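You will see two complexes here that share subunit A, one where it goes with subunit B and one where it goes with subunit C.
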Partner chain A sequence: MSKLFPKSANKLPLQILIYLGVLAGIATAGATYYLTPKYTRVGYAPVQPVPFSHAQHVQEVGLDCRYCHSSVDKSGHSNVPTAQTCMNCHNVIKPTSPLLAPVRESFEKNTPVPWVWVHRTPDFAYFNHAIHVNRGVSCVECHGKVNEMDTVAHTQPLSMAFCIECHRNPEMRLRDPKDIFNLDSKNLADQGRAEDARKYIHDWKVMPPQSCSGCHR
Partner chain B sequence: MRNVYLITLFVCVALASIFGLRGTTFTRPPMDVFPEWAFPGMKYQPKLRPQGASTFFADGRADRVPPAHTVARGMLRDDDQLYLGKDDAGGWVKGFPAKLSVDRAFIEHGRERYTIYCAPCHSELGDGNGITKRYGMGATPTYHDDRLRNMAEGEIYNTITNGKNTMLSYADKLAPDERWAVIAYMRALQRAHQGKPADVSDPAARQTLGIQ
Partner chain C sequence: MAHAQPATAPAVLQEVRPAVLPRAVLVEHGRSFSWITDKICGIIEGKTPAWWWVCFIVACFVASFTVGGITYLVATGVGVWGHANPVNWAWDIVNFVFWIGIGHAGTLISAILCLLRQKWRTSINRAAEAMTIFAVVCAAIFPVFHVGRVWYAWYLFPIPNSNIIWQNFRSPLEWDVFAVSTYGTVSVLFWYVGLIPDLAVLRDRFYAAGNKFRSFLYGVFAMGWRGSNRHWSNYEMAYLILAGVSTPLVLSVHTIVSFDFAVSLLPGWHTTIFPPYFVAGAIFSGFGMVLTLMLPLRAIYGLQDLITQYHIDCMCKITLATGTIVGYAYGMEFFIAWYSSNPYEGFAFINRAFGHYSWAYWIMISCNVITPQFFWSKWIRRNTTLVWVLAIFVNVGMWFERFVIIVTSLARDFLPSSWGYYSPSIVEIFTFFGTFGVFSTLFLLFIRFLPIMPMAELKAVTPQADVHGGRHGDHKTGFGDPASIEQGGAKP
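What follows is the complex of A and B.
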């Protein structure tokens, strides 16, 4: 009777184990790389109904973020502007541009412009714009350089780890209150004013929540 | 065994080239790692969010406008001076409503709001040569003529609230007291435009300006 298995088969169980180990390593590496918001969200830049360019309106025309996102320093929600906000200028500037047709229609018929939502926290997490903006956190920390974008893209993961990282150590990320809406400005630490940032945190009692109920309320 | 490793490597390279690197721009909606069917009612709870969509209301919006002829509790605007810029006789208010205290902080607040909402057209100086003039907003007037210098504050308030000709309303962006603060800053601009060297009383400021 000939041998059913060659001699090398003796090593097979070990080899299979090693291979499974390698496979598990690859799967873990793949999941950490691909299944986190750093991959799933960053870079999301939906096609908007109107090709509105922040670069053109903020850098060329020089508008402040609050001209359009007028509730960002007053309420938890940062509003996307009404059609009337656009018509303030576009009733005279480029009044017949075909690109602006949805805005004009919305203004006349009082229907919403179907802007596509880019940044969205899940409903089980609570977020508030005004508290961040009024306490020295600039838009650029969470939205990237919107002032240079032609189409708004998701540049930060906005995951829980991202939020907590700053909440644990805000002094590296805070800005002079007058620089909040100037996205090209540097934060206090990068200006070499980390001492000022610490003083600001102490004097103004800046205490971002780190306990679960601060954000999952 | 070598072949198995080679095939694994090939599969990895193939998958990596399909999924790409982090941070690549894409337009389809982001993938859900914890999908809705597995964890229903967590990410999308049956609540309405500001400016969100609603399937319940006929116009599809979550934000509601108060029904006509109703006033929310505590929101009654019965002070015509403050909210309409009109005095008891129905004419435009001259000066500022008694409820507001016009002080430095008030004018500074007005400066901030003016720079955001008015300067794009009326310019930082109030001369009407804001950046939009270059793009065709030709009608923007200067504040530095007698008509606007002598215009009652109440009438300017009305222009901000309801707009005038090609200038649309700013009532949705400025709360009533902010509108008055902007007017206070407009008055400061008009005064500054007519300033003379003799008006500067602070000695330090005189020195920096080079006034003898």
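What follows is the complex of A and C.
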């Protein structure tokens, strides 16, 4: 049979096993890094129709989150403001700026500004903004320091793991209710007050669901 | 047995002259070693017969129904199957249990009969193992596609993922994942290890015939088998170990499949009799399928000397034994439903026999309880056509058994407000119909390209392999010894 297979064929099974092992390792490592939300979502910062700067409006003007996102603490859905909200000021401030043309057009024609959606909750997951902000979860925990962003960027993975880690250990993420909309504040755990956070969880009956149907309704 | 009486035999034996029962010959007509090799290899080396092409094309066409049904399901959603509240498990799980059950005969033949030294297994074990693997393939289709978004089927396995969720190891459905995947893996290993010496035979024969390409292909899978003593000694040990590993699987796989039902609280499912009852049913259905496949093969390829009447008798008797156990289980279920005084349990069984699905129940009873009883008759066991027809009834009956258990229990549970009636959708019917095509396609490829019987093992059970020629000192072993049978056994 020496004509059928060379002698080196004896080593082939071992070689194939080693190659397959290495290949599987590379594939696993690659998928873990490149195919998970930590990579696929974080850093997403699309160009918006109006170059609205959150940093300027929060830090220079001093607006509260709720001035524009007015339903965030009242409704499950947090709204993107209508052009009416913008025009409250911009009918007198820079009323002719070409950068604001889409806003004026939206206001006149009563059509929405085509903002690009950055933090997209999938259809199969239920998320309620009001219950989170009213129980000590600040905007910054999921959206990052929007008050410092010129262009809104996705800073957290917002994967299922991200949600569940907090639902399992909410004391690591909660902050004083008066600091919810102060994105520069620290949460209780970071202030070394995890005990207070646990007391708060007890007193305010913070009971984040961990069952499937809590979010997948 | 044809043993002579020991010296200490009671004197009465001299008077009554006990009859000598010779062991059946496993390879008839004193066929030689080379005849066996030529016969088995000839099937592969010969020209592809016309009937094979006809069957293959028909099988592929039937298989396309499964491909079509599944493609439609993936493109549309799992709602294209007919399940809806309250019957959320229906044909898919029925078909899964049906196909998994069929595989059990293969494992029983290869593992338990090997450990028990039942030498008649050698002429049917290769094909039965192939049947097991192909049946597992058909079975796996149903739960995998029932998950809906099939690209997430890997969630069934405990692989770290970015959702940091973990499998529920308290669920029998998760046990099922491990039971079935272990079963599939071990069955493939067992089958392949047994094939290696025969693949080497084919490699050498094709090489001698000048067909380098096929010689190379068989050679790759023969992995350098030369038939040396060391090879054989390692092979025998590996085979024995695999037989030992597979033996618990014969019992565990269908036990765990039965846990899918028994661990729930539904009347008609929540019973302790399920594991043994399911295992007996699985072996029953498996032997039904082995008979369904082997009898035509025997006729087409003229294998009457290798699959003798004795083999058919053995298979019929196992079918009879397991079928009777299944019949006993049906009776015992009814008894316990009455004896437990549980009104829900009682209702579930009355409803099975006389409710909306009573037609299915009585098909099940006729096929599974009455059919095997015909195998008491030697005349029927000798009529291969009749045996084949009865085996088909066994297959039908065992499908209906799973339908009765799963669907009637779900359609009538505790709350009358949630009662329903289930009918399959056309997609479900096509998908199940197509799995017979998938199975047949694979089996036809197997009989065309792989040796359907283990040649080396067959040679070991021929009369001429008995080196003592039946004579050992003063004794006659009578073991497969034509001489001793001709003489009517040993002298007292």
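Worth a mention:
By definition in this document, the second predicted complex is superposed on the first by the 208 of 217 C-alpha atoms of A that agree within 3 Å, B and C clash if a C-alpha of one lies under 4 Å from a C-alpha of the other, contacts with A are read in each partner's own complex, and residues count from 1 in each chain.
In this text, a contact is a pair of C-beta atoms (placed from the backbone, for glycine too) under 8 Å apart; a residue touches a chain by one contact, two chains touch by 3 or more.
Here the structure is a predicted model, which means the values were calculated and not measured.
When both complexes are overlaid on chain A, the residue A:Met160 reaches subunit C alone and has no touch with subunit B. By the touch criterion defined above, A:Gly25 lies against neither subunit B nor subunit C after alignment on the C-alpha atoms of chain A.
By the touch criterion defined above, A:Pro51 reaches neither subunit B nor subunit C. In the superposition on chain A, A:Arg66 contacts subunit B only, with no contact to subunit C. Touch criterion not met for A:Gly214: it reaches neither subunit B nor subunit C. Of the two partner chains placed by the overlay, only subunit C lies in contact with A:Asn10; subunit B stays clear of it. Taking subunit A as the reference chain, the count of touched residues is higher for B when subunit B and subunit C are set side by side. Counting contacts as defined above, subunit A residues 36-38 meet subunit B in one complex and subunit C in the other. Listing the residues of subunit B that touch subunit A in their complex gives 1, 4-5, 8, 12, 15, 19, 22-27, 29-33, 42-45, 47, 49-51, 59-61, 115-117, 120-121, 131-132, 135-139, 166-169, 172-173. Residue ranges on subunit C touching subunit A, taken from their complex, read 162-165, 203-204, 207, 212, 215-216, 219, 223-224, 226. Those residues of subunit A lying in contact with subunit C across their complex are 1, 4-5, 9-10, 13, 36-38, 157, 159-161, 164-165. Contact residues on subunit A toward subunit B in their complex (touch as defined above): 15, 19, 22-23, 26, 30, 33-47, 61-64, 66-67, 70, 77, 79-80, 82, 84-85, 87-89, 91-93, 111-112, 122-124, 153-154.
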